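Chain lettering (A, B, C, D, E and F) follows the sequence in which the chains are written, and residue indices restart at 1 in each chain.
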Amino acid sequence: MGRFWEEFSVGEVLVTGRRTIDGGDVSRYAGLSGDFNPLHVDAEYAKATPFGERVAHGILTLAVSHGQQNLGGWFEGTTLALLGLDRLRFAAPVKFGDTVRTEMTVKETRGSSKPDRGVVLFDVAVRNQHGDVVCSYEEAVLMRRKG
Amino acid sequence: MGRFWEEFSVGEVLVTGRRTIDGGDVSRYAGLSGDFNPLHVDAEYAKATPFGERVAHGILTLAVSHGQQNLGGWFEGTTLALLGLDRLRFAAPVKFGDTVRTEMTVKETRGSSKPDRGVVLFDVAVRNQHGDVVCSYEEAVLMRRKG
Amino acid sequence: MGRFWEEFSVGEVLVTGRRTIDGGDVSRYAGLSGDFNPLHVDAEYAKATPFGERVAHGILTLAVSHGQQNLGGWFEGTTLALLGLDRLRFAAPVKFGDTVRTEMTVKETRGSSKPDRGVVLFDVAVRNQHGDVVCSYEEAVLMRRKG
Amino acid sequence: MGRFWEEFSVGEVLVTGRRTIDGGDVSRYAGLSGDFNPLHVDAEYAKATPFGERVAHGILTLAVSHGQQNLGGWFEGTTLALLGLDRLRFAAPVKFGDTVRTEMTVKETRGSSKPDRGVVLFDVAVRNQHGDVVCSYEEAVLMRRKG
Amino acid sequence: MGRFWEEFSVGEVLVTGRRTIDGGDVSRYAGLSGDFNPLHVDAEYAKATPFGERVAHGILTLAVSHGQQNLGGWFEGTTLALLGLDRLRFAAPVKFGDTVRTEMTVKETRGSSKPDRGVVLFDVAVRNQHGDVVCSYEEAVLMRRKG
Amino acid sequence: MGRFWEEFSVGEVLVTGRRTIDGGDVSRYAGLSGDFNPLHVDAEYAKATPFGERVAHGILTLAVSHGQQNLGGWFEGTTLALLGLDRLRFAAPVKFGDTVRTEMTVKETRGSSKPDRGVVLFDVAVRNQHGDVVCSYEEAVLMRRKG
């Protein structure tokens, strides 16, 4: 069972496990989303870009990051809904073979008009194996309250 | 070849093709992202939620919508980078078998300090087969300029 | 080990196992190929076509049929190359849940300038669970010779 | 929306975007089709073949090429059916990491007994990053007419 | 971080989250493993078996169960190796749409010749939504010790 | 059609084809099972383990081995059920790019109370390209009898 609304404290940082993003993941994401933009699937095109090689789709990085949050176990069965994301930015490319982890800092906890639930706001940073932020966003989740 | 920065006009609406989101897509997304939250993969749990059944992951809806933009052909080979998303909201659930399309309204076009590129801002709405908005967001894309 | 060139007799019929083609297979084929034509992925569009529902991609039926040939074990390790296909036709739609099998009739066996190999020509028919041909083609395969 | 029958001119050449075919694509194709022929999935076996390494399945190359046609946007919503392919040949192997594109030359446009549709015949060539043809075929598509 | 060897007590029961096994999962497992046995992929054949319909591969049930153990978070980063399984049995079929969970009872904890590690033995039961055991096995895992 | 119970002789060895296990297969298995243990998906973590690099999941090796049995054609349509596995052990890691094959030695054939079926017991060894056993197990299968 995941955490309830009351169990998140402002300033607390949740750090997930890591995952390596491979070419096979990029292929599968292209197929699932239908995003065959040449930046991601055309090695010849990618050579001529500033990146010099194919890079992962930004939304794939977001999807992996969001999955890492769930793999952390904090949200299982206590999340009512993902309310939304804000200020999603892609600060650096994710290259094939890069390994990312996600850090979630609790920014705010907010009640709701319904007494059995509340909102938790996170500042989220996705970092690669060098510690560089590759993606960041704010996330608002509607969580169950305990009592 | 996609469109150049100059070829987007404020107020113009780009409408993509449609796609049905099936249970098989949700399964594949869970596996690719690692997001096995019971809202999406546990039919017994889902029966007891307000939705009454499993629903698609919000980020899957975003991924499909983002893929639909690329399937439209407007961005192929003229996009330099996805700069970011803002105000991503999930207004209604996407149920297995729902069919979605994406509407992008050009909100603003903005120059850049480099003369060969510019930013295009879109207001994006994802609608289901009943015309209801299920997801909305603002998107900023860095595009090539023509001359 | 599969069969050698000498082990195919003109007029012989090879019949494969069956396989049910599901919506999940069509989704995965769309993603692998990039073919998101609305006939296959848009349930609303498909209602208005003569088929009345989404149908499998023709090339997916071909892929499954070609896989069934390999699952039959006749070609494992004795095939040098697939030379080509001719007269590939799609006689009837394959609907989600249809179950197909492949029948290969040896049409001709032909020597080659190199003594260690030869060509086998097949007339191939793919039939659904009602016995109707849904796809047919001629296939030429370069096979090893025994001695 | 794709093109109508009247909008194809004999001699015109449609050129698609490119796509790199990776080992991950070959794995997924093997699984989707059931074609685990050692030429494609057994690295030890492949070393001893004239190719010296594993190569993509011919039908995978065809599937990618056919998907590229759809990604081009010419066929979306105006195609009634894929009638068939002829003279499908595999002129050279596609190795893992090769990048292919598809060129379609309009060979013939033909009316139909029904006034709302017509046939378009294409000569199709799939080329790798060196410009070599790896696969070629003739394709007949039934398209909607405008008026 | 998962649990260390010392943190498992004999008699303790770990219960995982649940997951619904769909036809799409069976399709993907068939492709990944190459197991296209008609019990799993041929709807016509399956009608004539005692099950009356296609059922999930036993090893897919095992794979999902093993994944559920990892989704529980107890083993992340503290597992040195999966030593083996014993007495793996399939007591009842898993039908498409069934929802399973995994219960692990700690049966024994055993030291090792190396002081930094130890073995934990589990009795594992996989149950469907009706509470019936569909699969059971014993599992031995090599875990890190704390101090 | 596969073999009937009477067609297996004690001491006989069945050898399957080979298959290379790639990083793309490990990614897909992680997603299908939900097993994102860092031994398999986190390249940074894996560097610090005795293996020095990511390795395949043990249950993936089992799944591939079990699929190879089916690709051999001996079990198609004559298997009534997989009864179980015993003494499943993982003797050596399977690294990305390793190529495995499966050897099944018939250990025992046993009648059943029902005259139309019987049990076959196999000793199974999975070997890599160097001939080393990477995985071994005993397997019991319920097979149809001929007459």
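Following the convention adopted for this analysis, contacts are C-beta pairs under 8 Å (C-beta built on N, C-alpha and C of every residue); 3 or more make two chains touch, one makes a residue touch a chain.
Computed from a predicted structure; not experimentally measured.
> What chains, if any, are shared contacts of chain D and chain F?
The common neighbours are A, B, C, E.
> Compare the CA centroid of chain C with every other chain's and tell me the farthest one.
Result for max centroid distance from chain C is chain A.
> I want to compare two interfaces, C-E and A-E. Which one has more contacting C-beta pairs?
Comparing C-E with A-E, the pair joined by more C-beta contacts is C-E.
> Quick one: which chain's Cα centre is the longest way from chain D's?
Between chain D and every other chain, the largest centroid distance is to E.
> If you average the CA atoms of chain C and of chain D, how many Å lie between those two points?
Between these chains, centre-to-centre, one finds 16 Å.
> Compute the distance, rounded to whole Å, between the mean C-alpha positions of chain A and chain F.
So the centroids are 36 Å from each other.
> Taking the mean of the C-alpha atoms as each chain's centre, how many Å separate chain C from chain F?
One centre to the other, that is 28 Å.
> Using the touch rule from the top of the page, what residues of chain F touch 2 or more other chains?
Touching at least two other chains: 17, 19, 22-25, 27-28, 31-32, 34, 36, 38, 45, 71, 76-77.
> Connecting every touching chain pair, does the picture come out as line, ring, star, complete or other?
Basically all the chains touch each other, so complete.
> Going by the contact rule set out above, which residues of chain E touch chain F in the complex?
19, 25, 28-29, 32-39, 45, 49, 57-60, 62-64, 66-71, 75-77, 79-90
> Over in the complex, which chain C residues touch chain F? Could you list them?
17, 71-73, 76-77
> If you look only at chain A, which of its residues touch chain C in the complex?
Within the complex, chain A contacts chain C at residues 28, 30-32, 34, 36.
> Taking the complex as given, what residues does chain A use to touch chain F?
Its residues touching chain F are 17-20, 22-25, 27-28, 71, 97, 99, 129.
> Which residues of chain C touch chain B in their complex?
22-24, 27-28, 31, 36, 38, 41-45, 54
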